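Next come two complexes, and both contain chain A; in the first it sits with chain B, in the second with chain C.
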Partner chain A sequence: MAAVLDVTPENAWTALWRRLQQDRVGAVSLGIVVAYLVMILFATAGYLAGGWSREVGVPYANPAFLGERPNLEGALRKRAEHKGVAPDLSAIDPLAPKYAEWERRTGELKMTEPERAMTLPWGGDRWGRDVLDKAIKGSQVSIAVGVLAALCATVIGTLLGACAGFYGRWVNDVLEWLYNVFTSIPSILLIFSLAAVLRSGAFAHLFASGIWTVVIILSVTGWTGMYRLVRAEYMKHRSREYVLAAQAIGASAAARMFAHILPNVSHVILVQLSLLVVAFIKVEVILSFLGLGVPLDMVSWGTMLSEAQTELVIGKWWQLAAATAFMAVFLTAFSMLTDSLRDALDPRLR
Partner chain B sequence: MVPTLAGVIVLIFFLFKFFGGDPSQILAGQVASQEQIDAIRRELGLDQPWYAQLGIFVREIISFDFGKSWMTREQVSGIFLTRLPATLTITIPILLLEISLAIPTAMLVAYYRGRLLDRAVMVICVAAMSVSFLVYIIVGQYLLGFQLGWFPVQGWSDDFWRNLFTYAPLPILLAALVGLAPQTRLYRSFFLDETKSDYVRTARAKGLSEPAIMRKHVLRNALVPVLTNVSLLVPGVFVGSFLLEIFFSIPGLGREIYLAVNRSDYPVIQAVTIYLSVLTMLINLAADVLYTFVDPRIQLR
Partner chain C sequence: MSALVSVVNLRVSFVTRQTRVEAVRGVSFDVRHDATLALVGESGSGKTVSAMSILRLLPENAIVDPASRIDYGGENLLAAPAARLRALRGRDISAVFQEPMSSLNPVLTVGEQVAEVLRLHRSMAPRQALERAAELLAEVGIPEPRARLRAYPHELSGGQQQRVMIAMAIANEPKLLIADEPTTALDVTVQRQVLELIARLRERHRMSVLFISHDLGLVGEIADNVVVMREGEVRESGPTQRIFSAPRDPYTRALLACRPRLDTRPRRLPVIDDFMRGGVAPDAALERPPAGANLIEAKGLRKEFRLRTGWFASKSLVAVREVTFGVTRGRTVGLVGESGSGKTTVALLVMRLLEASGGEARLEDTDLLRLSAAQMMAFRRRIQIVFQNPYASLNPRMSIGRTLTEPMRIHRLGADEGERIERARGLLQRVGLPQDAMHRYPHEFSGGQRQRIAIARALAVEPEVLICDEPVSALDVSVQATVLNLLLDLQEERGLAYLFISHDLAVVKYMSDEVLVMREGEVVERGAPEAIYRAPQHEYTRKLLAAVPRGVEGRKFGDGALTSSGTQP
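Right after this comes the complex of A and B.
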């Protein structure tokens, strides 16, 4: 009688792990994404790129491998430090009597002029900040915004979708109406409206610093797709036998929704979540580029690109290259990982 | 559609009413006397309860009269008439070019499914989609406009043909090329879905060649989801690519909204958002009706 069925069914997540390992593209992508996450952890803790805002080089310092390239802006800066005697203008200069006092007060302050390097590993920006450090710090900010916003949108979408799909009837009608309202406003207009309101509005001071403005904008506009998917899954699952069985043994509605059905639809949510991360990072980059994203004292891939636009005209291409490369590698790896994840999770393809 | 529209209006109203700044302070600036502020509040109806203000808002929408822009003193209703032509000059060619390039590419890739060409194109698509649109515009404008001088870097004129053939080609080209990767990926999946269906097996069984199956059977059926996708893209034609308009200083609707956001010009943002939402709903409705003609199996309830 015993040992009839000695095979314990494989846990879904162990199966996923096994399948991801078999998929070579997926494994490489996972490796890259993990490497980025480690880099972000170090950057958050301050071990990496902690001094991204320090002016360590001359303006537009050349990349180390292009050290001989003429750097007009950097040379000007060096020359300004050893400037010659200025012509005597005290007879006509209305500010001349003040100079002595200003000189004295300047003397009271202690100033240190850091030694500025002529070349940096991957060049410097307009103020001589290390572009490589900026790219690492920018990765931290951009990816954090994307992931946080995707998590918020997932929570909103899943909660609303679960209610609509599980309860049906008037709950469904109300939430469908809400969904229709949000989807009939073109998303970029909703983003702009929210940006306008959050920047100048009554709560502007709450979000003055930090990434929360962008996270709120993105999650409020981006929950609709998740809602639709989760709702469809819940409609499918709510009358399945395992849910009815749970109801028969007295599981409450909340328990059935979140303890029984949710684990069975989590693969759909996971895939959609990773799609959202990619989409949100792209939007964050554009918003930050336009000055509607992360605040000025932070750096993201978008703010780097906005500086890069003017730099490119005078031939300083390294900031553009760094931001583009960091972003492209991460997004490609993450998209590939999402594809592998979907293949590994989709029961129809097994 | 009416409840949805009501929802949009209420959402926009409350968003700006409760989360937005006080209009009288934005309008009057930092150094305004109390009388000035009171006068502005009376003029805008801000001294009335919120439901009366909602009434004013609805009346503004129905009568197409949002008053003047707070900052430029331009009639808000005039903004559509003056900005939309520029937007359409670039968005319609973009849409046409994108679709006419994506369908053949997707069909070709779907024909060679699973083989090297298919895989290579798909990897290129993913990589191309991972680079921000901004980078394509920055590099494209620098390389093709500034360095090679094939196109003007930016600009716009009052003459439609001059705009279309002098100033618009570079933004159109960039947007179409960038849009190609996601469209191809999507359309390929539509084609692949069809190649698995029964009628394709029947066609093979009766000895039809693969290209003929692709052309005569798969293409026609795959055009239904393609049409859905295009109908989703059409509202975007009116919103325009605000990034292109900003980069190439094209005086279109998208750039206008961006400028309005930067100067906290609420009436402009509200008007554009509401009317474009209405337009989106109408286009979706039209697409639904169009379906019944394209695919007789679909019936409107």
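Right after this comes the complex of A and C.
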């Protein structure tokens, strides 16, 4: 099969790799995105930030580098623990006979109050949870939601846009109607109604696991921009001579749409995909803020930011800083990467 | 007589991230007062770069050697400040480019664009400028110039757009007009009109013209002096008469010979390489196989387009009406006509790339137009097409290897992938491309090479009929000859039946055994190429014949112009 290898001595992916290496910005962005992915992988497997929900520090524990900063809330909590002596009410307490029984049962369980640290590496939140762990665990949820939703929206938008643009006529008319219906409803209303249906409607039990609800809401509402762009590109390309030439050699409609035209419009799709990921991560933040996002027992950048609102008033800025930094670094690297990816995939640009 | 502009030892190089390419290497020429100088060469010869250096309209990565000089009225334009050049551009020196559609701003009316030039350089009042614009449009021969002032560029034909460009260029009575392939994108008949317009305007305004072209035959009709360029160097320069009657450089001789002539039909067209290696022996006449049973036959082919004009009203536009022809194995039917004559539509109908409104197209005993899409698949293998524009007809994202193996994969030719690749290599070799082309992409090839790739792709399924839709119109004349020769070779080897479409009657006459002249969807004349050339019956055919450039023989733009710039003081 040596001859086969000869047609593409370097296949698309090795060529991509070689070109990315020449592009320093692209390579750095790729490194950052890969680092995030590894981090998410470890977080999912439980090696990293597995105990994000444990209360390991005093409330609003200071970051390690600000150990000397006064922490009124943390000190309050410590004091409360020490003077825990209740007055004797056994004479009038109707539950008094049960106390002995309960005391015995509690004795069987072993309860340890962990030593709460006064400072944490990047500070603690209201419950004394480690903010750094939260940010790592939050990345897992936010990126998964953003990327999955963007991919789903891209697939929907590309498929519909390709059909509308390539076939035209009644296919185009029908899809244009669908598009108009979706864009004529204010998106926040659409999101709310979908959230209501998916969370408490007939299908609620299907999406118990959490992030899928958000992914579906975002992709169903977010495909329209992609559809419009892809449709326009397909209308432009369908009458190009190379597509006619493909038809002349007998290539089927599907082959023309996806083997011939798609690679030629991929740059549009990639750029739009990166914009969608960025937008969806931000929408997820808004949804979580409104209580329609990820469930309460999960953490995302969005829930962190909504908590940060109240914290900021009393001067606890580190949760906001952590979530923002994680988000900004990822989104910037991701946009840059799709940009270089677009250049790397174009044979005309070297 | 002194020179208006003299270019002395011009060197321009282009710098990319990795390389530095010298595009112009020490070129010198003089543009005289009140005369036409032609720069002739293939694409990549540096002719456009040399001319645009005068206006310094060069890409940003161009570096002009500091020792070069361009003298204009005692001033070195290469050292002039940007403000001075801006004042010169459009006033003293103006330019007309190849693509009129992309040179005009699509959202401004023609009147506004012509008036803008006047306002910028002459600070005319808007009203006055518009008045003058109408006069200019009348001068360049646009009918109803006042009404046309309010037209947008897309409402004009290609020839009219180019006339508007010329009107803008002459608006300020320039001393030098640079015309960069102004007729290459146009039909031969329109090319003729634009050429005559430029010659007439030059005489009337007593300006100089620097005319850039790849076609020496065309240049011979208009230029007083010719500079032949190749690979950034001047091969030969001199008065047009002398260049045509006694060319000294083999390259010039080759350029003169490679355009198909109307009066002879050699077995193969002479190409550049023949001349560069040493002279060519006079060739035997082309031999053609006799006519026989038709392999492919079209009868009463018809295509109507319906245009909706209102809610319920629509009108039909007949693009092709009652076209009938038949091609025997090994022979060629030529279809000639201007753009809009419906000749490409005929090709698309026969290929079933467009559904016909009537008639039949038979391949042996099967009417292709009655087949279902699935049945047509089998016949697609037997009938193939080569498109006009090799820059558009190859998928830019597919390697050549994939482009060539794809049709074989679709039609399940070859036992396995390895065999298909072997075949693709064979095809590349046959069309004269190197083996390493397999894993390169279309943008790495020149126009002629791309057309060879397109031909190889069409041959990949071993068709019996090949439709060539203007296969050489987008190519330089010198490259055109090599592609035509390749098509003839392939026809003799494989007994292919060709339907050959072109707007250039000389090319069609050289290639075909029967010629159909089409105009506005109808065949107005048909017959043997010799007969059509010797005794054209229809007015339109005569017009097409007259439009073919013939070098100095076809010259009719006053010999006064020749002498005024020639040896006389």
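In the analysis below, the second predicted complex is superposed on the first by the 269 of 350 C-alpha atoms of A that agree within 3 Å, B and C clash if a C-alpha of one lies under 4 Å from a C-alpha of the other, contacts with A are read in each partner's own complex, and residues count from 1 in each chain.
Here is the rule we go by: contacts are C-beta pairs under 8 Å (C-beta built on N, C-alpha and C of every residue); 3 or more make two chains touch, one makes a residue touch a chain.
A quick note: this is a predicted structure, and the numbers were derived from the prediction, not measured.
In the superposition on chain A, A:Met257 contacts neither chain B nor chain C.
Contact with chain C, but none with chain B, is seen for A:Gln247 once the two complexes are overlaid on the shared chain. Ranking chain B and chain C by residues of chain A touched puts B first.
When the two structures are aligned on the shared chain, A:Leu320 is found in touch with chain B, with no touch to chain C.
When the two structures are aligned on the shared chain, A:Cys152 is found in touch with neither chain B nor chain C. Using the contact criterion defined above for the overlaid structures, shared-chain residue A:Pro186 touches chain B, although it does not reach chain C. No residue of chain A is contacted both by chain B in one complex and by chain C in the other.
For chain C in complex with chain A, the residues that touch the partner chain are 348, 351, 353, 377, 380-381, 384-385, 387-389, 392-399, 401-402, 405-407, 410-411, 417-418, 421-422, 424, 438-439, 441, 443, 454, 457-458, 460-461. Only residues 177-178, 180-182, 184-186, 188-190, 192-204, 282, 285-286, 289-292, 301-302, 305, 308-309, 312-313, 320, 324, 327-332, 335-336 of chain A touch chain B when the two sit together in their complex. Chain A makes touch with chain C in their complex at residues 1, 3-4, 6-10, 240-242, 244-251, 255, 260, 263-264, 346-348.
Of all residues in chain B, only 3-5, 7-8, 11-12, 15-16, 18-22, 26, 126-127, 129-135, 138-139, 142, 146, 235-236, 239, 242-243, 246, 254, 257-258, 260-262, 264, 266, 269-270, 272-273, 276-277, 280-281, 284 touch chain A in the complex they form.
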